[in-house]
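What follows is a pair of complexes built around chain A, which joins chain B in one and chain C in the other.
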Partner chain A sequence: MTASAIGRAMPRPEARRLVAGGGRYLDDHAERGELQACFLRSPLPHARFALDVAAAKTLPGVEAVLTASDLAAVCRPWRTESRSFPGLVSPRQAPLAEGRATWQGEPVAMVLAATRAIAEDAAEAILAEWEELPAVTAPEAALVPGAPPVHPGSETNRAWGATIGGGDPDAAFAAAALVVEERLVFTRHTGVPLEPRGALATWEPGTGALTVRLSHQMPHQMRLHLAEQLGLPVNRVRVICSDVGGGFGIKMHVYQDEMAVAAAARLLGRPVRWVSDRMEALLADIHAREHVVTARMAVDAEGRILGFDLHDLQGLGAYSVYPRSSTVEAISVVRSIGAPYRFAHGRARVDSVLQNKVATGQYRAVGAPVGCAVTERLVDKAARARGEDPLAFRARNLLRTAEMPWVNPFGAAQHGMDHHAVLETAKALIDLPALQAEIEAGRAAGRLLGLGLAFTVEYTASGPAVYGAGHVAVAATDTVVATLEPTGEISAQASITEIGQGITQGLAQVLADAVGVAPEAVRVGAGDTQAAPHGGGAWASRGAAIGGEAAWGAGRALRAQLLEAAGALLQAAPDSLDIREGVVTDAAGAARMTLAELGTLMLFRGHEMPKGVTPGLSATFHYRREQDVTLANNGLQAALVEIDGETGLVRVLRHWMVGDCGRVLNPLLVDGQYRGGVAQGIGEALLEACRYDAESGQFLSGTLADYLLPMATDIPDIALAHVEVPYAGSAVGAKGAGESGTCGAPAAILNAVNDALLAAGGGVVTELPIHPVAVLRALGRLA
Partner chain B sequence: MTPARFAYARPTTLEEALGILARGGEEAAPLAGGQSLMPMMAMRVARPALLVDLNRVAGLDAIALEGGVLRIGAMARHAAVLAHPLVAAEAPLLPRALEEVAHPAIRNRGTLGGSLALADPAAELPACMVALDATIVLASAGGERRVPAADFFQGLYATARRSDELLLRVEIPRAAGWTPWFAEVARRRGDYALAGLAVMARCTAGRIVEARLGFCGVEAAPRRLPAVEAALVAGEDAASRLPALLEPLGSAEAPAGYRLHLAQVLLRRATEALHAAA
Partner chain C sequence: MLPPDEPLAEIACTVNGRRVAGRAPLRQTLVEWLRTELGLTGSHVGCAHGVCGACHIRLDGAVVRGCLVLAVQADGSAVETIEAATGPEVAALREAFVAHAGLQCGFCTPGMILQAAELLQREPSPSREAIRDHLSGNYCRCTGYHQIVDAVASAAAALQSGGVEGA
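This part shows the complex of A and B:
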């Protein structure tokens, strides 16, 4: 028996290529005769405008200056709709705004020129008359009576709302021995992938075929939408996502820019390229997680959580993002409320409001960091009110594995999770008694130290019902095609996509075990709709849990085909044969023929194959999970922070994470995801904010000097440990891993900062990111 | 993010550079290390019609001690100043401050003269020059002009440099018996300072007898604050003078009241450290 490839800590060959500068990102590709695009964007959050492009068109090197009406000839508008969000208010969108811009940064005209510099010159030369309209930017302002409508003619800026819950929350709160309440404010942030968005579109008039290179997470989704909007047969559209320098959810939406590039290529018959610069990215990539959550939690006399009651005010932006809808984030918040704990009563009122800002959308861990922070803040507050150790309070309320499957009052389902194993693992990892002694000693010496905890539950690997029930064209079923090369290697194409997270290596390890070859002999490709089969791409931490199943199925199917062919050749029953390390063996392990010999016979010497033997060199497996709408993962994070009581600055000294993502395909990949996720969570907790001027609505975080990403010096050592409870409903047993670091870090840091503040006799902070001014105010040291 | 059109000149001598600059007038911009100017041009915030690249002009980056005065050429890179033994010996305030200037890659290109000429309100080096009582030496086709640092910085990105002048060097008087102190507060290491403070203090017998200071990141430009310096010498609570004296800048991430608070924190830290060292 050879060692399993699944679970092996293998470096991935692609990492060597990328680190050495060998990546081929969107901007590394060029088409002969291409034009460079630049957008004129609205400088105001809300304005009517009139454009005179005559002068801009005359600049040398300018091929065309396009406005909404030009692109309307080749591109239909779209509108975000979902049966999951009945009554959703989100008007039609076209690639360029027509006469009225509803957010600062919205593209209103497009220049096509020989170089980007000329295109930017021409964009400046467009004579634009802007008539500023009243704008709504703060979510609290959107629903105030008399608030200016984000879209004139709308009666309200409430795009969608609902009340979700179950049990009898009123009775629970009336009977509670303790009710804790908090209002938490979450400021917008964004994903900032290293490679910005971009598109390179080529139209072939002869065949009526459109090829679009994109930096995107889901090529097949974009292929469909490009075909729909441009009125093309879908099989005439090819989308290629080569190396993608990070996505984080930023690159899973249909944006005006990319659609405009494709439409312009179709209109002009020339290849068109646009690569977002960093200022455009901060302004016009989706933002995320703008919420004001007012929440209370009821606890009985024994310290058991009875229920939650909350209101979530979500800022949506000017449109609900296409096609998934920004409202998904609010649902994700609600599902995360109280998720690790046992409670019987819940009520969540959601108001998703329109604003004159860029749309918000699904960003790494979606609403889970918000729901986790709300829950864990309330839990800490309740433990403190009871004079109880916060870990003891949590341990009492954590769900037990025997209680699962568990569906809480918000409809969130959990199965097969062991929160208590996570707790015990974390205790060993952190060495709490020693840490608490260290904190006490530090505090005695005047240091403002704090420890914060956060249990996490995150719903990953969404199944077909999540978007399917809304009739939104998002694929949750995925496919792998595995092929035996005549030289004995395995090549595969996956509908899961590679965006830097390394999933193609994970799938290669699954295929290796499924077929019976060394993982080094497997190569998995993805991202080109002309080669890769249909499927959902990279979202919801689904690569291992869904893509892994497709890879396993394809590998097993290929193995069965190869054994049938080998059996016919060797005059042996297929089930008496095995494939080990690329060699067909008998049951005792004696070599009968190599896969190279078998492949050569099947492909080049077919005349030697017995009559009637039909198996081919390729096998396809289409994986659709029939049960469990999502696969919840769980974990615990802890942060040790120190506050500088004079400056208000917070430093994370150490961070711990215990995670259970089911079967680990490759611990190097999972650890990398965990650490990167925690780093983004630290940014969310302490630094990253998309700020808007309260008066003018102007965007204030337009460069990386203003939008503060965490840097290497802001990230402490992150200690990791794994609990591995495989998902029982699948062959491989993986659950999602890619977002859980981001899920819990903000909550742990929020609790740690408040622990330090309370220990120093201060108040608490209730806004993320935690600003030093808020810290000083909580300490009473700044007015 | 591509610059607007500009003409480009790359002189090789100072005379040639000054001639080009004089002809270019207000529309010409000298290019030193480019660590601020190039991004500003890429954002089209800066739009010089003519870029005069000084990187091929020989002899502008010398660091030398002459007649008890430390001379640092305007084109000396931050990394070179940071590592130079003469600077460490004669103006130890500078290496302390330079460690806070951005990151190594930026310090490898950025220059002393570029930083002073740009006069970013958050930049460390202008505040240091004020505290060091340095002289800024400017050159034009008409000859050299010497301006005390305290007069050179005039406001937000505004200096006493005329458009036909280049920074040649700074001259820093010897400060035997003076103790330097520098610290800044930033959200992240290497960021623009929310507030920074450069202090030079002469201490005898356990007390400060003379002091010069300059803030960065607090006001539009660094300046001497005689009342604060006098309070330091008098052993009074200098930080309590600041609210009445400073006009702090405000921004989305750092409101004015916070910058003022940080200025006070830094001044108290400086006072404590200098007394401890005295």
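This part shows the complex of A and C:
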């Protein structure tokens, strides 16, 4: 038997190109004759405006200045709707705002010029009259009676709301021996992929074909939207996403600016390029996770969790993001509440409110970090109130594998997960007794040390029902086409997309095992709608769990075809043959012919093939998971932090994560996903915030000097361990891995900081990111 | 095409070992000039305001932020970009970044490698802390840095043991 490629820690061959400086990101492509675009964006959170573009148009080097009415001729507006969110209030949107801007940063005009610098000069030369309108930015202010409407004419700023739950929470809370309660505030932040968004659109005269290069996570989805908005046949639209410099959920939405680029290319018949600068990106990329959660948890006299009752106030921005709807994040928060634990009663009230800010949307781990932080803060508080070790309290309440499949009162389902194996693995990884001793010694020496824990459950690899039930055109099924080259290599095209996570390498390893070739002989391509089959792209940590199944199916189908052809040639029954390391063998392993010989015969010397043998060189597999709406993964994170008592700054000294993402395709890649995710979670806990001035509503985080990203010195080494419980419902058995690091890190850090504060006799912090001022206040060192 | 009133500057310099001469708008940054005029797209623009380090290039041997230098300032200088960056440190780092998955999307990687090479030239066996310090002006949004530190430490070890061919 040859060693399995699945599970091997293999470096990615593609990485060689990237370290050589050979990456080809959006801005590395050019079209002859292209125009450079820039946008005039609203400087105010809410304003009526009138534009005079005459002077701007006459500047040398300026080709055109376009406003809403110009683009309306070629681009239809869109509106976010979902049957999953009945009554959702989210008005129509066009590529450029018409007469009224509803968020600071909304594009109102577009300049096309010879260079970006000239386009920016011209944007400044547009005479704009702004009439400031009252704005709502804080979510609490949005629902206050008499609050100015984000969209004039609408009666309320409540875009959507619901009550979700089950059991009898009132009875559970009445009977509880202990009720703990907390109000946690989560400040918006954003994904900041290092490569900004952008678009390069080319209109082909005569045929009316449109080619758009994007830095995006889902080329096929964008192809449909571009065709629909621009009124083009879908098969005349091609979207190409080459190397993508990170996505994290930022690059999976329909943005006004990207649509405007395509519309302008069509209108002017010239290639048009626009790449977001960083200030635009911070202002106008989707933000995420603005929540005020008031939650309580009921516990019985034995320390068993009875239930949760919460209210989640979610800030949506001016629109619910298209097409998925920002409200998905609130649902994700609710599903994550109490998820690792046994409880029978739950009630969650959700209010998703409109604000004069950019839309929020699905950023890495969506609502799970919020739900996890709320849960784990309450769990710590309950353990402390009971005078109990927080790990012991958790262990008692953790679900057991025998209880699965488990559906909790919020409708969240788990199957086959082993939280206790995670716990035991973590104990071994962390060496708690030694760590406790270290903390005690440090505290005795006056250091403000704290340890925080967080169990995680994250719902990944969403199945077709998640968006399909809402009649939202988001594909959750995926396809791989695998082809034998006449040289014996395997080439494949996947509808899953590569955004730096390395999934094309993971899929190559799956295909290698499925066909019976060395992984080095497999290359998987993705990202070009002209080559790749239909499917969902990169979202919900689905590459391995869904794309892996498509790759397995395509590889097995190709293998069956090749064995049928080889059997006919060798006059052997196909099932008496095998393919190993690229060689067709008999059952005993003796070589009969190489795949190169077979491929050459099939492609170039077809006349030598026996009559009636039909298999070809390519096989397609379309994977659709029929059972289990999502695949939950689980894990535990722990953080050791130190507070500087003088400055209130928090330093993460060590961080641990144990994760179970089912079958690991390539540990090198999964480790990278975990660690990268943890770092984003640490950023969320301590640094990252999209802040708006409370009075003026002005955005205050417009540069990387204001929006703090974690640097190498902010993140400690992150120790990892894996528990591998394969998903039983699929061939490969993978679950999602890409977002679970982000899911648990904020909770672990929050608990660690509060552990340090409480040990020092202080109060607690309840707002993320944790600001040094809040820490000093909790310590009583600042009024 | 540039309009006639765009002020231009003459530039003559060495780029990746070759003499080049050309003109650039006065206000164009060096990284933009390299990317658009010379097609050297290995240096990236992550922020254009001097924070992220994705635009790192070598200017007369020193690692600088290409978004904070005007193209005209390179006149008379020797510029080296990731595409042709030489030296045993760069070679060792390239190998180690691949082996340790010290990159994911790769957008930060050229800047990281040039910055790390500068450290290894100076300090052959840096501690993990020293590596983190030296890379603190280069943002990576994907990796969480741990595997980048692994890669730099392993490149240092490989150089120390003589296991790397100079490029």
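Please note the rule applied: the second predicted complex is superposed on the first by the 783 of 783 C-alpha atoms of A that agree within 3 Å, B and C clash if a C-alpha of one lies under 4 Å from a C-alpha of the other, contacts with A are read in each partner's own complex, and residues count from 1 in each chain.
FYI, a residue touches a chain if its C-beta (ideal position, glycine included) is under 8 Å from a C-beta of that chain, and two chains touch if they have at least 3 such contacts.
As the structure is a computational prediction, the values presented were derived from the model and not from experiment.
Residue contacts after overlaying the shared chain place A:782 against chain B, while chain C stays out of touching range. Touch criterion not met for A:165: it reaches neither chain B nor chain C.
When the shared chain is aligned, chain B and chain C each come close enough to touch A:117. Applying the stated contact rule after C-alpha superposition, one finds that A:713 touches each of chain B and chain C.
With both structures placed on the common chain, the touch criterion links A:246 to chain C but leaves chain B unconnected. Applying the stated contact rule after C-alpha superposition, one finds that A:772 touches chain B and leaves chain C untouched. In the superposed model, A:277 lies in contact with both chain B and chain C.
Note on chain A: of its two partners chain C and chain B, the one contacting more of its residues is C. In the superposed model, A:703 makes contact with both chain B and chain C.
When both complexes are overlaid on chain A, the residue A:668 reaches chain C alone and has no touch with chain B. Counting contacts by the rule stated earlier, residues 115, 117, 277-279, 703, 705, 710-711, 713 of chain A appear in both its interface with chain B and its interface with chain C. Residues 1-5, 43-44, 185, 187-192, 252-253, 255, 257-258, 261-262, 265, 269 of chain B touch chain A in their complex. If you check the complex, the residues on chain A that touch chain B are 115-117, 120-121, 124, 277-279, 646-649, 687, 689, 691, 693, 700-701, 703, 705-706, 708, 710-711, 713-714, 771-773, 776, 781-783.
Those residues of chain A that touch chain C in the shared complex are 11-12, 15-16, 18-25, 27-28, 30, 60-61, 114-115, 117-118, 191-196, 243-246, 248, 277-279, 499-502, 668-669, 671-672, 675-680, 703-705, 709-713, 715, 717-718, 741. Of all residues in chain C, those touching chain A in their complex are 1-6, 25, 27-28, 35-36, 40-49, 51-52, 54, 81-83, 85, 93-94, 97-101, 103-110, 113, 128, 131-133, 135-149.
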